[in-house]
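Both complexes below contain chain A, partnered by chain B and then by chain C.
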Partner chain A sequence: MLVWSRPGRIVLWVLFALIFGVLFLAPLAVILLSSLADQWNGVLPNGLTTEHYADVVKGAAWNSVKASLITGFLASALALVSGTWAALSLRLQGDALKQLLGLLFFIPSAVPSVSVGLGLLVAFSHPPLLLNGTVAIVMIAHFVLISAFTFGNVSAGLARLSPDFEQVASSLGARPAYRLWHVTLPLLAPYLVAAFGLSFALSMGELGATVMVYPPGWVTLPVSIFSLTDRGDIFAGAALTMILVVATLVLLLGLERVTARATGS
Partner chain B sequence: MSEAVAIRAPAIRREPGKFWIVPPAALLALLFFYPLALIVRQAFLDDSGVANVAEIIRVLHSRFFLNALINTVTISVAATAGCLIVGLVLALILAFVPFPGSGFIARLIDTFIALPTFLVTLAFTFLYGSAGMLNTGLMEAFSLPLPPVDFLYSTWGVVLAEVTVYTPFILRPLLAAFSLVDRGQIEAASVLGARPFRIVRQVILPAAVPALIAGGSLCLLLTVNEFGIVLFIGAKGVITLPLLIYGKAIQESAYQVACIIAVVNIALSLGLFGLYRFAAGRLGV
Partner chain C sequence: MSAVAFTGTSVMDIDAAKVRGAGSNVHFDKVSVAYGAHVVLHPLTLDIAPGEILAMIGPSGSGKTTALRAVAGFVRPASGRIRIGATDVTDLPPYERGLGMVVQNYALFPHMRVEDNVAFGLRAQGADKALIAERVKDALGTVGMSAFARRYPRELSGGQQQRVAIARALAVRPRVLLLDEPLSALDAQIRRNMVEEIARLHRSLPGLTILYVTHDQTEALTLADKIAIMRDGRVCSHGPTTELYRRPPNRFTAEFLGRANLLPVTVEEPVGSKGFATARHGDAVLTGAGRDEKAGDKSLLCIRPQHLSLTADSEHTNRIVGTLREVHWQGELTHLVLDVDGTPVRVSATKLPTALPEPGARVPLFFAPADTSLLPEDAGV
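Our next item is the complex of A and B:
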């Protein structure tokens, strides 16, 4: 305890509550409130309604929930396979190459998402690689942007893994493929699940690259929310944002529980 | 993939294992580095494919580019400074003056990392917009004819939104660093009569410097690249580099101009990424 006097501590806690309330709590609370607001002319809404949610579920916006979930799932799955593969095979490289390649796998996370989208537009707008206007280009954009995070999470997991298990397995005569499948990957499982959850969440909220490349039939949630609010339909935008937030949190909490149960902690 | 680890263990059969890196590396090369190289190439070619270097000079001297560059740097530096201050205050209280439920609150702030950035901007519209709660409240209370608070549609609106979104990125490494600070040292210092402010300055802050530098450079990088917050605020005067690239490419179909600006933006980001890696690697965060 740094501050011993009770009044001193209370002053600090009030300061904390103020910062936390203004910066973090108020935005979430006001999004929830506005997604339920009937009319909002005064300080508080005049009444509450679930109408915005009903509109959103009935309308075209529901398609964007599906588009986001499918894009997030496929891009995260691909990023998980590719990131795990990269992290595992990087262990076979010499030190210099390992460092260089490790850096290259991280670079996509440093490049602005709009530029990633622009690059894909420039690269894949002509035959033989004509992907512009297809759903695939959205998946690719999301994959590129989240691949570095998956790679980073799995690498961190590998670094923390005790080498003993693998050595014992191979000294007991476990074939390499058997060892990977029955020893290394199960030990990595918590990191794989966490990597998948984080990539899924990032993909669900991705906007910069998606607005550059999305075709008319594949409008993801963030793009849909932007066009709603841009048209002035901010209450529907808030309702759709709440759906995005809840979907993301349910996903993350669900995966956390799965990991906790698997590792017995 | 299964053979990847396989070939590693026996030293003599080490060589073939090196090729397992090729598939993921090739995928990344095709989908990321090849498009990146084409952006650089396109920066030298006009939209009909003819070399046009004069356009680069025109864009780099244009008012819209310089304004966006200045805006981007100003917002990024101001937001990072804000994140460092707010993050430090919150982390100090959470770690050294804990209250019931402070662990839960720390985790709650942490989940903000996973939420879309534009959520905060949308919320700020309801809170601080011209018809938002704060302005309506003030107008009703003091019978004002016009909304008194209008920082939202300026640089400061973007900065405040980015402070909210990126403070968790400072808080996380700071709390990790604070958990390693020896509590006995603090108690000893305070028994010997050191005032809290002095303990923070002489005992706690030195331990926090690596986390502050690494977190701060990460914040600089993320705020330079931020797109959603600026797009959602939609203020005419607040155009940053990513927003300018979007406008030129999608709204004006001026691909060469977009690529020239993108090259500058990418170079800036990679420089900050280098700074972050250097800081994080050197300080062992």
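Our next item is the complex of A and C:
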């Protein structure tokens, strides 16, 4: 909706600022303030300190960051490969099969993540499938939860890709593998990067399933935050949250920079 | 745009001769294509000679693209065989057919520079570096795009992209070049130039067989050695361009290739030794180029608008009279519409008598027997 009158535009801007400020910025600001708060009894903190950061860094923060980054990276990479693979193969199938399998891929994202965690725990707690208490089960949980998104993203990209590119490539003598590597995947690159970024962000924030399956020694950031706040250690939890937010943002921005350079735009 | 022209290079010429030796004719042998129960190409038998430009034209949905894609290998025939040279390619995948293809929107790879686009086919086939460099240079030179080698496709105009698409197809030295409405995304002015440049390109690569799909009759008439006219999944006529234009075998062809006046006549005397028959239209007895009509047959006499004259002379011996309905002046040409016993007749004239008759006047029209063609009444629409 285009509004041309000056007062109209001012009203719109104020409205936007209110919604954005209240819904997005306020919670973040509160967390930021808590992470720096000395004591917080009134409307604003009584004093500021970096003590909480020092505490968490001395404590388990570094291990949590490492666990989260490794889990996020591996699960996203795996989801990217299999989601892309699935999208590419499903493209060759008939419409009915395509829709059915496409639907199957989305089931995990419709099930509550706690249930996914529970399901994995039960399924993998007996030999020979004894993965209970291993890092692998965390990876699997994340993979199951995020692969629907990579699949969806890549499928959307493929649907928008004109078949002309691949057909011209074939007619020029490119075999399927060469064509995939030099034409299809590069043209899909923006969608692949978006898929990876989204998966990564989702994985970094995943709590429900992880809390069910995580082994000792592989406590991801959200799990750490959860247990800190559960114990009433709100300020430390806030400090760790800020670390999570910054780590995720830095990674996503870095990813964007890399692709911008690679695609030359 | 028009300042840059295709310039044939000698390396290409040598190769064209080699290709001609290899046999680059395309043969459709009763090829049919169906999508489910819907037959879009009825058994088609057609030959494209080595070095020939065949234009396939026809209305939208008539199966032109389908026929071209069957040659390229993207549509599987339900029956029949397709041969290129001596090779039966029906069961070969597209990447083993040795063709070049240019599609309507060019489909240049957006992530590659112009030179990498042109090199694509050779790299995919594993050609060695020196050869690739030489071929890319040649192909870009041929289409006048050498100066743009380092650009990305998005930095080129539509006409320039089109040239690169042609260069990319030529760089692999295809036996056959498939062009599917290559000019339809360009505006009229550039399109005219490009038609001429493709004609020039073909003169510099005389061995290259071209299947040119278009729905634009001007492109077909300008470029093609032969034309195949498609209609509802069938070839309804096929022949050398000028012959098809001058002697259309049926009504659909007459009306699809240029404008045609079709005067209903009754044959009086069948074709004589000079190839002319006489036929009657109302009171007028007319002489026209005939085929195998018999006396008494109902027939149509086809006369092109530019062959009708308002003045008589020793060649324009046929005479009909019509009532002038409309006059449209269009600069170079004046179009007249007359009513000849209920049949609308169009006249395109470059020069007109100084005193132009008023609409409503009875006007005699003259035309030469050699400019006419009798065609069967029932064929076509």
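Keep in mind that, in the parts below, the second predicted complex is superposed on the first by the 247 of 265 C-alpha atoms of A that agree within 3 Å, B and C clash if a C-alpha of one lies under 4 Å from a C-alpha of the other, contacts with A are read in each partner's own complex, and residues count from 1 in each chain.
Keep in mind that, in the parts below, contacts are C-beta pairs under 8 Å (C-beta built on N, C-alpha and C of every residue); 3 or more make two chains touch, one makes a residue touch a chain.
Values in this document were obtained by computation on a predicted structure and should not be read as measured data.
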Touched partner set for A:118, first chain B, second chain C, both or neither: first
Contacts of A:162 with chain B and chain C, given as first, second, both or neither: second
Chain B versus chain C as contact partner of A:170, first or second or both or neither: both
Which of chain B and chain C A:20 touches, first, second, both or neither: first
Partner with the higher number of touched chain A residues, chain C or chain B: B
Which superposed partner A:187 touches (first chain B, second chain C, both, neither): second
Chain B/chain C common contact set on chain A: 170, 175, 179
Interface residues, chain A side, partner chain C - complex: 162, 164-165, 167-175, 178-179, 182-183, 186-187, 189, 263-264
Residue ranges of chain C touching chain A (in the complex, touch as defined): 72-74, 93-101, 103, 105, 107, 109-111, 120-121, 124-125, 152, 168-169, 172, 178
Contact set on chain B toward chain A in their complex: 1-9, 14, 17-18, 20-21, 23-25, 27-28, 31-36, 38-39, 42, 86, 89-90, 92-94, 96-97, 99, 105, 108-109, 111-112, 114-120, 122-127, 133, 136-137, 140, 163-164, 167, 186-187, 190, 196, 199-200, 204, 221, 224-225, 227-228, 231-232, 234, 241-243, 245-246, 249-250, 255, 258-259, 262, 265-266, 269-270, 272-273, 277
Touching residues on chain A, where the partner in the complex is chain B: 1-4, 8-9, 12-13, 15-16, 19-20, 23-24, 26-28, 30-31, 33-34, 40-44, 81-86, 88-93, 101, 103-108, 110-116, 118-124, 140, 143-144, 147, 166, 170, 175-177, 179-181, 184, 198, 201-202, 204-205, 207-208, 211-212, 222, 225-226, 229-230, 234, 237-238, 241, 244-245, 248-249, 252
